[in-house]
Amino acid sequence: MIKAAIVGGTGYTGVELMRILSRHPQVELALVTSRTDAGKAVAEVYPSLRGVVDLAFREPDVEALGDNDVVFFATPNGTAMHYARSLLDRGRVVIDLAADFRLRDPGLWQRWYGEPHACPELLEMAVYGLPEVNREQIKKARLIACPGCYPTAVQLGYLPLLHHRLIEVTGLIADCKSGVSGAGRSARLSSLMAETGEGLKAYSVPGHRHQPEICQGLQAMAGKAVELTFVPHLAPMIRGIHATLYARLQEEVDLQTLYEDHYRREPFVDVLPPGSHPDTVDVRGANRCQIAVHRPGDGRQVVVLAVIDNLVKGAAGQAVQNMNLVFGMPETQGLERAGLYP
Amino acid sequence: MIKAAIVGGTGYTGVELMRILSRHPQVELALVTSRTDAGKAVAEVYPSLRGVVDLAFREPDVEALGDNDVVFFATPNGTAMHYARSLLDRGRVVIDLAADFRLRDPGLWQRWYGEPHACPELLEMAVYGLPEVNREQIKKARLIACPGCYPTAVQLGYLPLLHHRLIEVTGLIADCKSGVSGAGRSARLSSLMAETGEGLKAYSVPGHRHQPEICQGLQAMAGKAVELTFVPHLAPMIRGIHATLYARLQEEVDLQTLYEDHYRREPFVDVLPPGSHPDTVDVRGANRCQIAVHRPGDGRQVVVLAVIDNLVKGAAGQAVQNMNLVFGMPETQGLERAGLYP
Amino acid sequence: MIKAAIVGGTGYTGVELMRILSRHPQVELALVTSRTDAGKAVAEVYPSLRGVVDLAFREPDVEALGDNDVVFFATPNGTAMHYARSLLDRGRVVIDLAADFRLRDPGLWQRWYGEPHACPELLEMAVYGLPEVNREQIKKARLIACPGCYPTAVQLGYLPLLHHRLIEVTGLIADCKSGVSGAGRSARLSSLMAETGEGLKAYSVPGHRHQPEICQGLQAMAGKAVELTFVPHLAPMIRGIHATLYARLQEEVDLQTLYEDHYRREPFVDVLPPGSHPDTVDVRGANRCQIAVHRPGDGRQVVVLAVIDNLVKGAAGQAVQNMNLVFGMPETQGLERAGLYP
Amino acid sequence: MIKAAIVGGTGYTGVELMRILSRHPQVELALVTSRTDAGKAVAEVYPSLRGVVDLAFREPDVEALGDNDVVFFATPNGTAMHYARSLLDRGRVVIDLAADFRLRDPGLWQRWYGEPHACPELLEMAVYGLPEVNREQIKKARLIACPGCYPTAVQLGYLPLLHHRLIEVTGLIADCKSGVSGAGRSARLSSLMAETGEGLKAYSVPGHRHQPEICQGLQAMAGKAVELTFVPHLAPMIRGIHATLYARLQEEVDLQTLYEDHYRREPFVDVLPPGSHPDTVDVRGANRCQIAVHRPGDGRQVVVLAVIDNLVKGAAGQAVQNMNLVFGMPETQGLERAGLYP
């Protein structure tokens, strides 16, 4: 059994990690921390976990965390970087669900996250935890940066096209729609149901933190710089990301076959039949990306539709998928595939 | 391994049964029927089940159904009663999620369901599948009538009070709120999102089919006739039932202790701490009833709050719980407890 | 033209007041205050009011407020009571949408609102602004306490029964469901869409501040003490209150005729035909209460269903209705009747 | 007073027309037809219109329709074209909210709507009712084709850029999100709340009927052929369209000034301040398009965000705006500007 700890268990990714780990056959969830709820039973804060998680939240403490084989950080950005060195020194595996180790360039990190990086020397050993791209590296990793929710959907959507150099790398457009849980479990006016329950709007059009992360990934796939316009939207639903991706073909290809071939052996990427329109509700609660690819009017314009659950394949599920790889367990373990429909 | 068939797999209870059975370690889902979708792959109709259920829908056929150990009917009312005799004769277990075998009095059935009962002689052998009341009978049953969604929540809420004869049996009021999946997966104006997405209303106040079913159950608990006013409401959410139950105490009792003691060994009934207010979202996707009991101002009026997921503890989950009992498997098998929050 | 000011214009009742007053033909909205948003244009905070309200929020100031014929308080509880005396001394009309002047007993106020009342001597001159009960008094009032949202729906629902002494006054039950805008426009975890968007729960069952207000009103109608159990629920919609009211008849009466006769001349109370089930969506945005009355199985139990928009007939619309009465304008002026459906 | 008739009053655009016309000071709504609800009172079908519209639905009949000055068709596609000739011969004004007269090319109509056009000879006299483009023609029109909901938002968003020839006309992308009322008031599985309430998906990516309509309009603005990819999405809300429009600048321009100047005198197009993100909820119930224009990273890529209420500026409100122009009334009459927020 692997002993696991979660730092920052009171956000939505934290509670989702608890839900998933609680039924993982080879993991014992041993410790969950929360500064705000320290001392309270997990089940008191989250009645959905009554009888499922019998721990109480504790203050985060490096010593106690260091007793675990793996430590997940479901914390705000800029937290894990203050703990990583100590835990790695103790021989532990660190899996960060926030942004601290996603960008390889500490200068870029500082620009987008507003403070200097606390341990730039660790960035080189950090592995970007997108198994469909980095599986072999992840297996050997000690420090994993789980991708953001938008970056997961966008990168999985573009991967076959960029990997095979089939599209122009300028003029890429990622028009993405997210459910409100993506904004986290914090008390903000803009996340109130009365504000968002019947509205839809774009946000951060001038620049969003996931933009440099996505570009870093797409560039690695393409082997050269890409130009991407990324427009996120807030949609009135709780979970789900729908990425609508646009690109221009530069050579002829059977797109359906390309996608099916590329993802044939991926357990968590599901290419839908020709003509499909994936729906976020079909992956709700599941660690799965469903993708369809279209070419309207058989022109040069490709439209890729990719959906994930932002809290699962976009966060907690993907973190567990990474853990499975690191510890040599079956990649799909604990990650049951059926979503909750309706 | 138990071989299982589902008749009527294209409704919400059917798809939920597939989701649950697909991860049950001792069940092989061998056959799913649907008149409307016969010939189509299950995963084509329900993309959430891609890679999870690899069957195609077939026309219902008694011969083929009779090859299974257990046959679930997730059909409209008035269907199972035409198949039950043949399947029982073949030695199979029949679990009906509709109303055909819930009422013990065929005259009452005819009054509320508008046609004569097709096999009144089977009503006596049918067991009402509410394990918290009938567990021992269920273990020996061959024909099980799963309770309706409202009746499950209302009966579990009143059970400790009636069982111990603590309340007046007149003037009972069950004010219930249901999500829209309770209306089923059929194309009706009144179930459109544009009609229901921002509205709440009562319905069937003059009389609802679940009323006689609830009364039959409450009377069995009380050992005498009860008088109940039952008012169902449609609430703008997908899953969930919230039952708010009112009764008047006729003797002093510590309600919290009463409820905790009564349900202490029940795996799927969870009495919340004093002062709690259960939320339907905390049981979403889980086979669980969460209950709180209040006595405002320490008066004679008791208020019981009980929540379930109408498709799980109110339908498909409870059906599997019954199956587990009939076949001597652990009662909780395949019924993982954590709901999907948020 | 009447000059009007709004104190506390950044909450939901404030913005709704602006929407309504902006199209009132005899009112000039001259001043809107907000401590948090002072200096900002109203239209900057509320883009829905661009081109409709051209004011900027100002700090509240008694001098400036005193230049208006009527001052609406759309503030938190415990605010208006600190301004009322000064404004009344200046000869202005004060209409409070909060609770400061609703309870006639200052001791009761202190018990439920946690601080001593600042001007108990004004309570006697305050008129409870429910026109269907107090129309004549309102016409002569200078200080009006607008009823709470739940109290409006519950009192209008019970009024014909209590006024005519037709029901038992013990064992009354008001099971009420509210949309989330009732919790106000403040950043709270419990009001996040991810928390409430797919859940329904009761709250404050041990005791809610609207309980003594409702009882005070019902007692005045009945001419004696009443015993009421009030259970509010939070439903996943933005606007709307649905009150389901239970009572026991103590003499025979034609309920439909009773209600139709009682409300025949009321412009904002609409008794639906026999057998109806009012829907909150049908009064959304309208200053209207729709009511249906049932007697299931022709027994002694009466079930009244009453719906309002909590921000209109439950707050801002009712406040304008009161203003119309005070200033001798047509009662319905500025209060167009059609709601926004769907 | 203008006498008005509505054909097909039982859909969402029909009921919205009734809501708007009922408070128009110069219109008498004299006749509303419905094949399905003929004989029923309007207020019986739509309780929100009780006391507002006192008509009963009648069977459609050319004679009776011909007694009105203006006849609105809120019917399915392919209906108005069978009535238009007779009504025009009687000297009446016909305003069609469906697609019958939107496309100038009857061959294109047949291709997208699946049947030959019934009166191709009328297409030339039909005026496309987008006042911001065709105001002068509309004033003289007798037969008006109201634009579709998507086409309204997309064309208003692109108009300043195309009119001034500032963008490349290839590679245009319109990524649009619509609320579910856009699918109409018909009983379809795909419009059930249980299906759509927590999901978001694209649809008709291979080709949507609004595509040729949009292209026809954009081409007229640009004076040459345009190449547009149009991807509509269904979002889990009732009303609203959010169009996210992409284009590439071909010369330098101050976009904010361009948009503000272009729309300065338009009563129903509202250009938001720099950096804004319009929200569909801010135009809910209002005949208004709110627009923001962005240029992320000051590159060549322009992102235009445009929101409307699909039932108002995208249908019924725009139809009334057209009527006002035709009959020489103030363009804004009866079209109050404040939306219903929250």
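By written order: A, B, C and D. Residues from 1 in each chain.
Keep in mind that, in the parts below, a contact is a pair of C-beta atoms (placed from the backbone, for glycine too) under 8 Å apart; a residue touches a chain by one contact, two chains touch by 3 or more.
Owing to the predicted nature of the structure, the values given are computational and were not obtained by experimental measurement.
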Could you tell me which pair, B-C or A-B, is linked by more C-beta pairs in contact?
B-C
Going by C-alpha centroids, which chain is farthest from subunit B? Tell me that one.
D
Which rotation angle, from 0 to 180°, best lines up the CA atoms of subunit B with subunit D, given as a multiple of 5?
180
Per the C-alpha centroid definition, the whole-Å distance linking subunit A and subunit C comes out as 45
Once you find the CA centre of subunit A and the CA centre of subunit B, what distance in Å lies between them?
36
From the C-alpha centre of subunit B to that of subunit C, how far is it in Å?
39
Send over the residues of subunit B in touch with two or more other chains.
12, 181, 185, 194-195, 197-198, 236-239, 278-279, 281-282, 284, 342
Chain contact topology (line, ring, star, complete or other)
complete
Under the touch definition given earlier, write down the residues of subunit A that touch subunit B in their complex.
12, 15, 19, 22-23, 44, 46-52, 181, 185, 198, 238-239, 270, 272-273, 276, 278-279, 281-286, 290, 336-342
Enumerate the contact residues on subunit A facing subunit D in the complex.
171, 173, 175, 177, 179, 194-195, 197-203, 205-207, 227, 229, 231, 233, 235-240, 242, 244, 246, 248, 275, 277-282, 284, 294, 296-297, 299, 301, 303, 305, 307, 342
Contact footprint of subunit D on subunit B as seen in their complex
12, 179-181, 183, 185-189, 191-198, 236-238
